[in-house]
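There are two complexes below, and they share subunit A, which is joined by subunit B in the first and by subunit C in the second.
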Partner chain A sequence: MSLERPDTTDDAAIERTPDELEALLGDLVVKRDDHLNAPGFVIRPDTVQETLSILKEQAGYDHLSVVSAQEYENRYESIYHLKKFDDPTQEVSVVVPADKDDPVSESAEPVFRTADWHEREAYDLIGIEYDDHPDLRRILLPETWQGHPLSMDYDKDRPQIATLPEHANPLQEHYKDSESDTMFLNIGPHHPATHGVLHLKTVLDGEQVVDVEPDIGYLHRCEEQMAQAGTYRHQIMPYPDRWDYISAGLLNEWAYARAAEDLAEIEVPEYAQVIRTMGAEMCRIAAHMLALATFALDVNGDFTATFMYAINDRERVQDLLEDLTGQRLMFNYFRLGGVVWDLPEPREEFFSKTRDFLDQLPESVEEYHNLVTSNEIFQMRTIDTGVLPPDVAKDYGATGPVARGSGVDYDLRRDDPYGYYDELDWDVVTEEGCDNFSRLLVRMREVEESAKIIEQCVDLLEDWPEDERNIQANVPRTLRPDDDAEIYRAVEGAKGELGIYIRSDGTDKPGRFKIRSPCFSNLQTLPEMANGEYIPDVIAALGSLDIVLGEVDR
Partner chain B sequence: MGTAPAQLFPEFLVDTFGLPGVLGEVVAALIAAAVVGNIVLAFTGVAGPWAKRKITAAFTDRIAVNRVGPFGLLIIPAAAVQLLAKELIVPEGVDRPSWDIAPVILPASALLGFSVIPMGRLGPINFHLADPEVGFALVFAFASIASVSLVMAGYASNNKYSLLGGLRAVAQNLAYEIPLIVTAMSVVIFAGTLQMSGIVGAQTTTLVTIAGIDIPAWYAFVNPFAFVLFVTANMAEVGRNPFDIPEAPTEIVGGYQTEYSSAYFVLFYLGEFVHIFLGGAIVAVTFLGGASGPGPESIGFIWFVVKIWGFFLFTQWARAAMPRVRIDQLIEIGWKGMLVLSFANLVLTAVIVGVIA
Partner chain C sequence: MSSDQPFITDESQVVTETRDARMTGQGDRFNSRLREAFGSSPFILTKFDKFLNWCRGSSMFMLQFGIACCSIEMMHTYAVKHDLDRFGSGVPRASPRQADVMIVPGTIVSKFAPRMKRVYDQMPEPKFVVGMGSCTISGGPFQEGYNVIKGAEEVIPIDIHVPGCPPRPEALVYGVVKLQERVANGEASPVTVKPYELEEFSDLERDELVDKLADQIDEDELVMRYNFADSP
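Entry: the complex of A and B
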């Protein structure tokens, strides 16, 4: 047992056993509370910052994936799920219980910037108060909301009044002194470029952005609570389709499937894994095509050829997905332990259709490069705008194409393999530019990688022996995972790391169901990219983040 | 060729119908102006609800309007009824009457520009309302009144997006009007006159003959560099992609026209289209030989229409394919690029013309 570790970050990459970590944390650990995915350490609510900075600086846990909060009979609890960007299979959970009567816990925001929004959400929905938090306000619900919906004593029947005051004009005080001359501008919630109902509170100095604050929650649909009210076996699976509804449905379904299958120890047949992998990558192409289309729309500013061409290509994938799943958007195709049905008959027709699509894809991508990325005006607009340095991206928990556009080599499909990905030959795409252009380029190159994956899957499926086509494992009709088992599992969604935290309570429904939305964390970086830039660059940066409000607000 | 100055449209009316005295001239002028104005408005009527959609659809692999009448053409009256039937919403706190005047100024200024444009002959009629000696200067003066309208609308709307749009419009027009006019001056040096008929007339000679085909001395062929400069500046002047930043739908919603609805919105829309056509007309007169083209002079009007629709098509192409530049980049291109180039062009032209002539 090595009790004393040197205070350097050189050994950050070293994998430590749970016991070594406990030794590193020393007296901070009150007790162990291991989760299925990671060792868990219970600490006192006033030592959060100390614990997290030791784990971040000395043990290399530099990725605060999510903060999940919940209320028990006798306490509140916040769980900080930590990972490493270098190796996300090394996980650790920091469990912070808070007093039932006075739920106060120290904020992790000074250690991880991303904790800002996550803790605000925990405060909003559960009611835990975070000490030392810079800006502890409600985030999803209106300011006037009474009670915390996911807490135990929440009165659902209590009428709520969401007032609509004329917007308070923040031109007063700190934005306006005798020197400066700024203007406050509401961008959204209804604005052509907010990709849904997002509200950006923007302070402008001329055309330049002094400050921008995203205001979210307009599309909050209580997805977590709805999942908690559904049974594991069938009733939860339709919901993930509605988080990132930009045809990334299968990717989302996989997030739930992965967490629940690991929780209930279900083995998925290999054949079903190949189908899942293929379907998921089709969804990724569809989602990235739409990202390209809307980004072109944001930068070109008018109805453009690029937009329609990309929608056209997305339509082809959509047709394939429709053949596969029977649905165009809300697929509901995955089941725990497999998929709902096999490939459509006749199989040859589906394969040839898929191959036709893959064959014409390089041509399309070439056309986009001609139309978009090689256009001088486009380059002028996107290169070196919306800059997000890699360390900032990590601090905010940015993942997916946003992180990879900043050169963060992080992709769960490779780093924390699931499905059939580790059997296939493909590459993780990164770009070093850190700007709007890089993020777009990452998506366009990922489309090509996805096509490679699909092609290999089609090859495999074509030759799969007929009597081994097992699409579904044996799963009990009613799933009742062990009481108080906790798991956090993530997959690489279209926008990044889409994670699910489930705590079972011995029934057939989850005791706590928490969604880690990649868009939620990615959107948090917007002020970092936007401040000091021009309005058009803010719009471009927002477009390059490729957020879906359904996933941000859940 | 080189013909004597053709009879203007009002004079033609006076002669044909024998209208006597000053009153007759006034009546003839009004009738002629009404005819020309309605022709231009008819263009915009076709362009706005129908041609623009069809053109954009062609660029983006779609079909667009095809259900209402043959080729969807009846969408034009349908759109007219629909747009005019909408409620005119007047937001609180708008600065009237400037809020009401702005949508009138835009189409009016553009239509005024057509008063000096020689649009060519169709049969006995020469579609040319007036031919003052300073016609060329006048047309730019008229065209630039448009920015007054945009600023008025932006300021009077009491909306921050509108204000931004209005400010952008001023910045853009300042940055591009100067290169536009400086480039136009190089043409004046060639032609030696500011009179529209003179500029067109100077382009009727043959530049070279290649394989039996006479290439006319259109200034687009004489000085292609100035032509490119002029067309670019003109795109900015009429506020089309990649220079559509006063509207910039994805950034500032609709710019100066954010708060306008119903008839006022139609007026703005109309004004923009007339402005595009005026831009096309200026390009045609200045660089493309006005109404000249193959065939007899009496079908010149058709060539002219083809040319301004060609310019319209070009703007729509740019709209479908080109990203929009940012405001600071736009200003930079205008002041640091276009202005310098246009002055270089002017000086060079002056030197060459001075040496040769």
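Entry: the complex of A and C
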């Protein structure tokens, strides 16, 4: 059956109990601090690399999902959330407290490359310094920012200064390296190919890229602060829509819903789960359609027809979603414990509209294959460019279509099932090509899989007994999870593993709310894919990553 | 028609037919509303400004400028279903040097504000701005954010605000058409006070913050100073 994992005989895949892990780590563990999702081991701040490499090499925890940092009354703390690519239900948290007066902790970058950006973010927003980090500077806020906004003593009202050094003429002498004859080129932050406000600092040698450094933070909208200021029950849910705004709203809402429901132990009725699954997959189709549309435009400006076709299909999905949720883009449809309302009446009309859409979808997909993937120009531009080997992808924590395009068989819908996915018949799509072309193919084939899921959901919903249509569990008016309960939960968003870490502090608002954005990790792989390639290939690689800046910067 | 003179047309024939068509109203080809306004004469008498305003309002080049969520709806507005081009204003230009109108589709944060100001400055006069969505009005849902500019009007002057989070494409179309109307009637471009100017670092008033950053920032570098305490 498609939902079964391929057999793994590797030692690393063996599941170890928390006590076995503790024995494996030995003296490194200072004490236990278990989270709701995983055992947590507190270690000393100077043994981070040692601990993580034991867990990675000997216990097989090869996926550093996220580094979440926070400040307590008496200490700073970084938490490394580890998982296995082979089985993401096996999780472990490594908790690293740091001194309140001098918060220094060892960097995990030599063990997991992905820790680079995550630790820079922790430094930027919280103020923890990481020893041995290759490049510890601000990542989201301007270089000249004063203070660390998510730390406790931050003064929101103090004046700030943002600089703009980009006004200089790029051909001026100081932009040239006199010895090697390279040229510095800014791409963005306002550029049609950067999919929003991303800034690529590129160094060129001739037409080849020597070095590319993504500069992010041009859309850092303080999403974590917003969530920490909102109450669990209603005030947080509108924000996830705006993380990955390419119509992936329901997928994002599910990330928050899943974390908060597990934290507050809310059971979601089965009927609501089916509606959620259906809606989420519609969002996935819409998101992948836009990825296809803009990628085709990035690769060749003459693909405007593809753009129009794909937008047309998106409009159809958005019509369905509007019928379901009442909104075109920012759905705000999920509630903790269910969804806000039932399917639109008359139900038959909605079902037949959905079926019409599903019926014409194979034809459109065929059309895209004719237009794009079997196009010779397109193939020349994308096949064997932007190569991302699977081990590099894993090292950077890449997930979603980017990882699956490199042959990493990792999909949380199957591996860490939620919603109604494990009851349905569908396949996880992987491609072995590791290049721009495979990533696009994965998306296009995933559209077909999503259509399969929607069809099964529609079948289920049509036959659902009238008196069992329960869309909402009983949820207390005010949610106050236990003090100091911590949880990290992830779902498969359109771009990959979208996770939420919540620490409750006994009130009705989260004490710390950390978003693990798939795009943030995926974008980190860009230099690996782009260095040594030609400049148009950088644009193609960026397009194939399908980043959305709202989620990268949050 | 003889082969040695291939492109000779019978002029008297054509002119007569055209003129007849104009006068009698036959032949839809010549019966635009403009034609109607002109009457039978091929000349018009108007103020030059009025004519130019009418030209401006009838053909607006948009800046291809995506910031956040609203830019997705903006793309839909340009694309097949809503097709902003129907109103003579749907050609997105990638370069600010070629654009007349800037739609600001999203949240402006501290790091981006100077860049947006720069792009705005690069557009040739006369230029117009449509603020799309609540974020460009007040910061919208992110108004409380430590990093968020409380409305795009803090940075550049805005002619039309389209509220919504995000506005539907129809709303954006309405906003743009409203702007075209105002431009055509010569009513656009209000002058607004811009609290956050882009200045050179050396021009800034010396205060604690400027002194602190003095050795990090080049004197010639452009900077924007945010007084969050005074923000709306």
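Definition applied: the second predicted complex is superposed on the first by the 527 of 554 C-alpha atoms of A that agree within 3 Å, B and C clash if a C-alpha of one lies under 4 Å from a C-alpha of the other, contacts with A are read in each partner's own complex, and residues count from 1 in each chain.
As a convention for this text, a residue touches a chain if its C-beta (ideal position, glycine included) is under 8 Å from a C-beta of that chain, and two chains touch if they have at least 3 such contacts.
Remember, predicted model here, so these are calculated numbers, not experimental data.
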Does the superposition put A:380 against subunit B (first), subunit C (second), both, or neither?
first
Mind working out whether A:246 is in touch with subunit B, subunit C, both or neither, as first, second, both or neither?
second
If you count the residues of subunit A that each partner touches, which comes out higher, subunit B or subunit C?
C
Contacts for A:192 in the overlay, against subunit B (first) and subunit C (second): which applies, first, second, both or neither?
both
Just checking: does A:236 make contact with subunit B only, subunit C only, both, or neither of them? Give me first, second, both or neither.
neither
Could you look at A:398 and tell me whether it touches subunit B, subunit C, both or neither (first, second, both, neither)?
neither
So, A:541: does it touch subunit B (first), subunit C (second), both, or neither?
neither
Mind working out whether A:485 is in touch with subunit B, subunit C, both or neither, as first, second, both or neither?
neither
Where does A:317 make contact in the superposed view: on subunit B (first), on subunit C (second), on both, or on neither?
neither
If you stack the two complexes on chain A, which partner ends up touching A:108: first (subunit B), second (subunit C), both, or neither?
neither
Which subunit A residues come up in both lists, the one for subunit B and the one for subunit C?
191-192, 307-308, 312
Mind listing the subunit A positions that touch subunit B in their complex?
183, 185, 191-193, 207, 296-305, 307-309, 312, 371, 375, 377-378, 380-381, 534-537, 539
Within the complex, which stretch of subunit A touches subunit C?
140-146, 149, 154, 156-167, 189-192, 195-197, 217-222, 225-226, 229, 238-239, 242, 245-247, 290, 307-308, 311-312, 314-315, 328-330, 549-550
Which residues, counting only subunit C, touch subunit A once they are in their complex?
64-69, 71-73, 75-76, 79-81, 94, 96, 106-107, 109-116, 118-119, 141-142, 144-148, 165-166, 168, 198, 201, 204, 207, 209-210, 212-213, 216-218, 221-229
Which residues of subunit B touch subunit A in the complex?
56, 59-62, 160-161, 164, 241-242, 244, 248-253, 319-329
